[in-house]
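Pasting the structures here.
Two complexes come next, and they have one chain in common, chain A, joined by chain B in the first and chain C in the second.
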Partner chain A sequence: MMIKEVHMPKLSPKSDDYFFGKWVKQPGDTVKTGDVLFEVETDKVISQVESQEDGVLTAQKVATGDTTKVGDLVATIETA
Partner chain B sequence: MIYFPLTSLDVSYNFAAEYYLMTQKHLQEPAFMVWATTPTIMLGKYQELENEVNTQFTSEHHIALVRRLSGGGTIYTDTGGCQFTLITPDNSGQIDFDDGLSLLSDALTTIGIHTKTDSRNDLIVDGLKVSGSAQYMTPGYRLHHGSLLFDANLDWLAKSLHADPIKLQAKRIQSVRQRTVNLKSQQPTWSTETFKTNLINQLVNSTHAKVQNFSVQESKIIQQLADNLFVNSAESQPKTQPYDHQQKVYVKGAGLIQVGYNLDNHDQIAAVQLNGDFFSNLEPQQFEKALVGTPHQKSAVTTVLQQQLQQAPIVGMTAESLAELLF
Partner chain C sequence: MSTKSETSAPVKPNWLKVTYDQKKVDQMNDLLSGLKLNTVCAEANCPNLGECFGSGSASFIILGPNCTRACRFCDVPHGHPHEVDLLEPLRVAEATKKLGLSHVVVTSVDRDDLPDLGADQFVKTINAIKELNPNTTIEVLTPDFQGHEDCLDKVIAAGPDVFNHNMETVRSITPKVRHRATYDTSLHVLKYVKEHAPKSMYVKTGIMLGLGETDPEVYQLMDDLRAIDVDFLTIGQYVQPGPKNFTLKEWVPMERYQRYYKEAMKRGFKFVASSPLVRSSYKAKEELEAVENQ
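What follows is the complex of A and B.
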């Protein structure tokens, strides 16, 4: 078992501050690589961020309406 | 490039047509549409209706309300303008407005309408906005859509978007107010229909687009998507939490635990709430009362939590692991 951290990726060349939209996966959900984890808005664009891991989402560190920066810890995934 | 003609003036149907192309058509090449709406207010995905719209005016004038799947601010559209949609297969996830805006502004220039791009990816004429753009992405595809004001009712636009500032709610995307102008001033003899036809013809010619119509079966699917995703979408919004910080965890043996908290100016816990489906006799109010006023330091918080959990343990949860949710 390993805990992998999910950090906010850089999606926009113009901005490092993203409006956190909503979680698609909930703590306890099984996630696979490529599954959409959450949605953010920046520069009038809605982006869906996919998991880079197979495992179980264990923690959400941010919530709808939060401002998150590139590199912020947003979630943890427990991998096998 | 594929051009999909879209003659519907129903904004929900037209947004559903976009979504159908994004998620079910499995496009292997870019596609575009040009379409229009009855008088309509379009909110950005994470905007609050009450923050942006004079709902009394829109109700009195039967102006449709809808929420986009894209970001950005609120706009007004009617048959005096048109909407454009460009869908591009793209796995990069990178934001890019340049391709779509170049395609559009080049086509406009060719038909004798001159615009410039500003820092918000809007098209402007003499500093006044004539077109706004927004995007959303799904795995494998990027959608860029926007508006073009040709002969829109700017009086209704201004009145619809005049929201009561007292109702402003935080933790939402706020619109950026910009002055607008119609493009008709550059081609005063054209009707909006002439403008739209000329624009479509130029886009089809410049991209050598194939024309493809939606089948009857596809139209049925699109109508279902419209009903499920867009009709009544303006009123619905994911709830924001009332706390500045929130964490939610799943702990094996304990279940889901959610903690929200605020800090005061002295970095002490000012308010806290504990929710979840964990098994415990813990009294949430007593737990919250015990934590308020505690310095926001892990050792201090852990000490308070140890005392609380001694009185009422949470199955599968230690004070240390619970304290992690407050940092």
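What follows is the complex of A and C.
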């Protein structure tokens, strides 16, 4: 078992502050690489961010409406 | 820096949801920054970046990153132009090879400061791409070169497969969103290229919707383009880059994209792409293939 941290990726070449839209996966949900974890709003789009890990989402560290910065801890995933 | 209050204008529609594979986008960014190349994808903060970078596709913007014009719809930085990078054409050709692109799109910022307005760098880039990638088809998306025919002659002679120059919008809105560019100059550019290029070279243009244009204005634009025999038309949704840019008037409903597609095809364009996320170079390769296979 290993806990992997999910950090906010750089989604817009021109901005590092994004608005957290909503969670697609909830704590306890099984996630696979490529599954959409959450949605974030940048200037031009709503980005659906995919998981880079297989495992179980253990914690959400941000909530809808939060402003998040690139690199912020967003979630943790327990991998096998 | 952007904040919600600045960008919250009309709520973004569902079709503006795009997926994003960080690893693939990072790989692409590493390759591009390693070659010191700019893409219009990143410079214009394109909504399709995740999809295109994820699939190993990109459109290069040469002579940048700063543009000498300040068009109000555009996200490319306006500022003091940099010195022309003589090795840039070669690096674009190398990146085309590394990415294995079978179709490459090359655009540029406006360079009203240069005696040749940037035409020579287009020529060098086309030549370098051909040298290193003889089987790759080339599409250029050029500025208006202030309508100077000698600049157009040079680019035509270099022999791209597709010559694109964007009208951007209908006549009445042009002066509100474009800087130092006019509707008639852009029409002249397209007309001149069509008249002087070999028949095998396709002439293409594109417009944005959501700036306040009306149906009759869009149809008039289509008629103007067909009167000079423009081959391809792209129609996509304007997405306001930031609070200082031209205010978005509306998210145009899909029904209008579909109607414009039919109206444009009826008028005789060889290919029309009409959908909210369509951009000038979005899936340009598929577009050329579709026409070549007709």
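Basically, the second predicted complex is superposed on the first by the 80 of 80 C-alpha atoms of A that agree within 3 Å, B and C clash if a C-alpha of one lies under 4 Å from a C-alpha of the other, contacts with A are read in each partner's own complex, and residues count from 1 in each chain.
Quick note on the criterion: a residue touches a chain if its C-beta (ideal position, glycine included) is under 8 Å from a C-beta of that chain, and two chains touch if they have at least 3 such contacts.
None of these values were measured; they are calculated from a predicted model.
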item	value
Side-by-side fit of chain B and chain C on chain A, or clash	clash
Most chain A residues touched (candidates chain B, chain C)	B
Touching partner for A:Asp72 - first (chain B), second (chain C), both, neither	neither
Contacts of A:Asp17 with chain B and chain C, given as first, second, both or neither	second
Contacts of A:Asp54 with chain B and chain C, given as first, second, both or neither	neither
Touching partner for A:Val62 - first (chain B), second (chain C), both, neither	first
Partner chain in contact with A:Asp43 - chain B first, chain C second, else both or neither	both
Contacts on chain A seen with chain B and repeated with chain C across the two complexes	9, 11-14, 19, 34, 36, 41-48, 50
Chain A-touching residues of chain C, taken from the complex the two chains share	1-4, 7, 12, 14, 16-23, 25, 42-43, 45-47, 49-50, 75, 239, 241-242
Residue ranges of chain A touching chain B (in the complex, touch as defined)	9, 11-14, 19, 21-22, 26-28, 34, 36, 41-48, 50, 56-66
Of all residues in chain B, those that touch chain A in their complex	44-46, 69-73, 93-95, 120-121, 133-139, 170-173, 238-241, 246-251, 255-256, 260
Contact footprint of chain C on chain A as seen in their complex	9, 11-17, 19, 34, 36, 39, 41-50, 52, 67
